[in-house]
Amino acid sequence: MKMKFGVPPSGGFSEDASATSTVSHARKASRDLKAPGGSRLKAELRSVFRGSFSHGIHPAENKQFTAGKAIRRLPFPERLVLPLSMHAGKPSVPLVRKGQEVVRGEPIARADGFVSVPLHAPASGVISEIRLMPTARGPRTLSLILDVYAGDPQEVGYGAPADVGALSPDEIVTAVQNTGLVGLGGAAFPTHVKMKVPEGSQIDTILINGCECEPFLTTDHRLMLEQAADLVEGTRILMRAMGAKRGIIATEDNKLDAVDAIRKVLKPNDTVSAMAVETKYPQGAEKMLIKSVLNREVPGGTFPSAVGVGVFNVATTAQMGQLMPMQRGVIERVVTVTGPGVQRPGNFMVPIGTPIRWLLETCGFSGSARHLIMGGPMMGGTVSSLDVPITKGCGGLLVLSEHQLTTEAQMRRYPCISCAACVKACPMHLNPCELGRLAYKGQYETMAESYHLNDCFECGSCSYVCPAAIPLVQYFRIAKSSNREKAAKAS
Amino acid sequence: MSDADAMEIPPQPSALRLIATLGGIAVMSGLLVVSTVQLTAPRIAENRRVALERAVFSVLPGAVRRESYRVDETGVVQTEANANLYAGYDESGALIGYALEGAARGYQDVVRLLYGFDPETETVIGMTVLQSTETPGLGDKIIHDEAFHENFRLLDVSRPVEVVKAGEKTEPWQIDGISGATVSSQAVGEAIRRGAEQREAVLTFHRADRADPIDPTDRTEEGGTQ
Amino acid sequence: MNPGSAPAIFLDAFLINNFVLAMFLGICPFLGVSGKVKTAGNMGMAVTFVMIVSSLCAFGINKLLVRYDLEFLRLICFIAVIASAVQLVEMTIKKFSPALFRALGIFLPLITTNCAILGLALFQTAREYSLVQSIAFSLGAGAGFSLALLLMAGLREKLDLADLPGVARGAALTLILAGMLSLAFMGFAGLGG
Amino acid sequence: MSEPAVQLKTSPHLRDAHPVDKIMRHVVYALMPICLFSIYQFGLSVLALIICCTLVCVGTEDLFCRLNHRPSTAGDWSAVITGILLALILPPSFPLWMAAVASFVSIAVGKLFFGGLGFNVFNPALVGRAFAQAAFTVPITTWTPAMVQVRFKEFIPSTFTFPFASPPDLRPWMDGLPIDGFTGATPLALMKFDHIDTEAAELFVGTVAGSAGETSSLLILLCGCYLAFRKMLNWKIVASVLGSAALFSLVFWLKSPELYPTPLFTLTSGGLMLGAVFMATDMVSSPVTPLGIVLYGVLIGVVTVMIRLFGGLNEGVMYAILLANAATPLLNDLTQPRIYGATRKPRRKEAKA
Amino acid sequence: MSKSEAITLQTFTQGLWKENPVFVMMLGLCPVLAVTNTAMNSLAMGVATTFVLVCSGFLVSLLRHVIPKQVRIASYIIIIATFVTMADYLIQAISLDLYQALGAFIQLIVVNCIILGRAEAYASKNGPLKAVVNGAGMGLGFTFALLCLGVVREVLGSGSLFGLQVMPDAFQPWSIFVLPPGAFFVLAFWLMLFAWIEERKRKGGKAA
């Protein structure tokens, strides 16, 4: 979409401009947050010895807006929008009719097969409509509209205490499916599917991913600080379900306080441990983290289970630790609302289905910023409409300022000058330079055949560092989808 | 194209016919070539002789007649084929000197040259470049550059020649190089330096020749170059 | 280095007077088969191989011709010998190394009309090279041809992805590239002299 | 609240890179001290040379863009770099009309012919220089002494040679110079042909004869450090060029120190430093893969020393870099990085039939 | 195809422009690049090639019904080699200097693809007269191309034409043009020029 820029309005970003307009300043500010316990130098010295993957980038963290803000609950919005497909896999099947009353925590849709999850009512109220609604994913999907009862105490009415320790691994998997858990880090892939160990694989380590390498976002950081006990409990459940001998909770070394918080709830000689890895993007990518923590490489085209590792997100694990003993479903999640376009940024516990318009208004959205991102700035997607709801996989809402948009647009496109910045940045050690040149000429098949296009996981590091402003990762997405279409046509 | 053609042919002609055709063509071509060679041979020989004499006489100023020899490890023998040493005589039949070939690696390729050698004074008295692919405008000055060729009017070769920078020649065995074309100048010097052994053989031959009274050619003693 | 020594002859044909870039021999395959690095590599191998074989054959044939004073038949004999040598090489490879044959296959017949091969035979005869010198010469020529071909193929593959202006398409591009390579190779002049 | 017009974009939504024109501009900044030093050293003629080359380069770029009805790319500073670099690698006495021809060839043949910035396979400035070297063999090997007293008062006589005419012989002019003790021969030529060593300090500071901007190794290194510090220059290329050149010449120097120059001489003499810092590092024509970059540098270093020690020329940096440029696509191909999780090194796919 | 087709002007002119062996078909480039450093060499090479083209075309056409297909290539090569050898000796007889300047490239006419190509594609399918006319046309086209290069290279590279100085004394020769890289550049230049002319013609034709 083309847009014209006027003079950037003075409001909106002005009070935060000092923190964002100059990258170095922002980086400095975030460094101050890095090691609350010790000096910055000490933290940097320590990070020299931290495990890491090679390549990657160091974007300005910009976490200072919300890192210090504890998770807050907000009042319930009047109306929640619950798409039946907020996870990867088959959409859930509704269990309720239009006009039916539901109680907070009540299952309102069931899983359709193994690769699917149920949906629970995030609030007590009435199902006013079942219709197509826009979602962040793009196409309109069938959604349940829940009108929340104002003044209701909103007690969770469902679930019963259960002894998780007595369940067999298969029973745990089924129980997890019943909670409706999906990857809360963003992928929204049903968690129980990931917990099923593929035949022939042996899992020795459960890796809990608390890197949160995306700039701006702080949900995982806050979760680790505030829900350390749930997190460790979830890790133990995962270890039992997958037969792993140890669990490692890994985070970046700009969140050392989180490591301390987790260590406090661990037993001596615990099988679960917490550690820090280098702060670097995309440290939070599964494959990178496995390399950093365990120095294992996941072979191309396979999953972490191939090297004996199960990787789960911090938020997912914490939810699991919280929900499983009570046999409840996922009804809310922590969302970081941040960015220079927001007046009162923070970390909020919000019911699933909260429309982002409501959330933004609550946080003091100026209304002038047009760059709205669901997720982090590196991999998140822009939002096409403010009516889109918060789904299970959405951990952040980022509003970039007018100012950033204009600087971005002013960056002139040049042909590739082979500066190799992208080659140095690509965490998968691909050659984005060559890939970009091929993509420019539409040689998508060569890209896949000779240059490992399909190993690209679209972290965006190459686009981030490109001095010629070539939209590399965007090219690669087009190339991949073109190849997929071609393959689909051929078969 | 040939594949497709080959496949289209069903009747296979007999091998005899193939051989006969090829043989016939070979005979015809042989005839043509031989007759051309026969026809052109005298002209070519004449051309060669003229070219050779032109070169030999240019390095032996005053020479009008030559004799061809071959010099190698075994000594000097008189021969017309494979000659690489030429004796030049003036109108009175007096020996002017010997023309010798020299070669050395130049800038681009081998530089081949012919130089005149006066056995009495052990000096080079003339030089011409037979073959070179030196850089045009720079290295190829060794072919025509007057100042450079002045070096070879009288160059002492009784000791190893040296190539010095342009304008710095002080000794008779030194060659004033061409400025900017050091490699090419060096190559010429090297070619002459390398010929020392050959010249040694020539000197031996020359002295023996002189001493030998039964020389068939009508050469008189007073025709020396002293 | 002595100009007649085998290493000097090798170096001369390889870099200084590169067969393609300075002597202009084998220009047709140089322009025609330099589109892809892989094919260029195979072509280079095939040509080097045939060069060695035909250099040996030409050496022997020339000895015979000189002996019987039949120098004027040199050209006819050489071309016939090279054509049959290529055939022979083709059949031998086919028999003993089908993999190599598949790699070189289509290039072998083309080589017959490659003037680099005949040029090699003619030059080594004109320069009166000995057997060792001839082998060094053919190795150098083959290596030089392969090097030029590979460099050219690499450049052309890269430029396939460029936004070339209209005038620079096709043969003109290849020729300009060849000119540049030729310029760059001028740096080797006088090497080992 | 008014409804904001939401902009749809795909991730990543942030960027952090010096834009191309900024990188180019900083390279120009880094070249400025070298230009100033060479003007100080050789006088007005070099100033004229730099201006002439830069103007012709930028003009050519602009002209061809207009002819092709494309937006002019003359503003991206890359043509300016080419112009300045070309001027710096020409002899101070080089006639301006020849410099203009070389500049035109640099941009027209060396760059625009291949599609402009980003697609040139050779370093444009070196293309111009190589063309001039082959076309105007004598003027390009005519050196004038540095630090001539009259350098700020008069031009070197050959500077304003009439277009297409051959330049006058400079020897009378040089003989008439008020000072003696300075020589017009470059340290490399002195070393190669006369085995005369030049003081290391002189070489380092640059008070010797040579191309306009190649003499001061110290200054070039400092300017290079600035660029490397700003991450606008790949120090690995410079390191591998200089390292391999030093190592390679060390071997020969140890073998016979009386015949071959010291590694220090190799590094500080001629255009090696300028070539390594400003031309070998030209991003467009150098490889992108980590191993390829090192091999590329080693190729330049080794070929340079090879040509210097055993070739007919006394300087080989230009040819070495051009050759390495030509080998860049192959190096890139052969050194594809091993990707994360690959079980074996990636192999080139068979060429499509 | 009727054998008795008349010899048209086109039979002759075909090789000059429309199917120019060098500029259009890109054949026989080795001599085009190698011997064109002077106009004289170019001319001599062109004449020699034309001689071989015409003679071999005539003979091949004459024998076209006699030679069996299986051995035709071998026969053609022998015929061509014969005429090349003849040309070789004739040039030696005419001028030794010229012979030395052209070097091995006279003998390399044998592998010039134009000649074998013409023998295979034209002479073996047409009558002797037509083959001769066509061969002469092709040869002239080839000579024209050689001269195009030779003239430019000699004038710019040496300041002379056919050995006579044409440029003023002060002229600075561009020696690159007599060096190998110059050959590539000049040929590329001519190719681009002709491509441009063709383009203009096509556009003009369309507009009309």
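We just call them A, B, C, D and E in the order they show up, numbering each chain from 1.
FYI, a residue touches a chain if its C-beta (ideal position, glycine included) is under 8 Å from a C-beta of that chain, and two chains touch if they have at least 3 such contacts.
What you see is a predicted model, and the numbers here were worked out from it, not measured in a lab.
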Where chain A and chain B overlap in contact partners, by chain label: C, D
Relative to chain A, chain with the most remote C-alpha centre: B
Chain at the geometric heart of the assembly (C-alpha centres): D
Interface with the most contact pairs, given as the two chains involved: A-D
Mean-CA-position distance for chain E and chain B (Å): 33
Interchain centroid distance [CA atoms averaged], chain A/chain C, Å: 60
Between chain E and chain A, distance of the C-alpha-averaged centres to the nearest whole Å: 71
Contacts with two or more other chains, residues of chain E listed in rising order: 74, 78, 81-82, 85, 89, 175, 179, 181-182, 185
Shared interface positions of chain A, touching two or more other chains: 415
Shared-contact residues (touching 2 or more other chains) in chain B: 29, 33, 37, 106-108, 135-138, 183
Every chain pair in contact, whichever chains are involved: A-C, A-D, B-C, B-D, B-E, C-D, C-E, D-E
Chain E to chain D touching residues, read off their complex: 170-172, 174-177, 179, 181-182, 185
Residue ranges of chain A touching chain C (in the complex, touch as defined): 415, 437-438, 440-441, 443
Chain B - residues contacting chain D, complex: 106-108, 135-138, 165, 180, 182-183, 186
Of chain B, residues touching chain C in the complex: 29-30, 33-34, 37, 103-110, 135, 183, 187
Chain C-touching residues of chain D, taken from the complex the two chains share: 68, 109, 112-116, 118-119, 121-122, 127, 130-131, 133-134, 303, 306-307, 310-313, 316, 318-320, 322-323, 325-330, 332-333, 348, 350-351
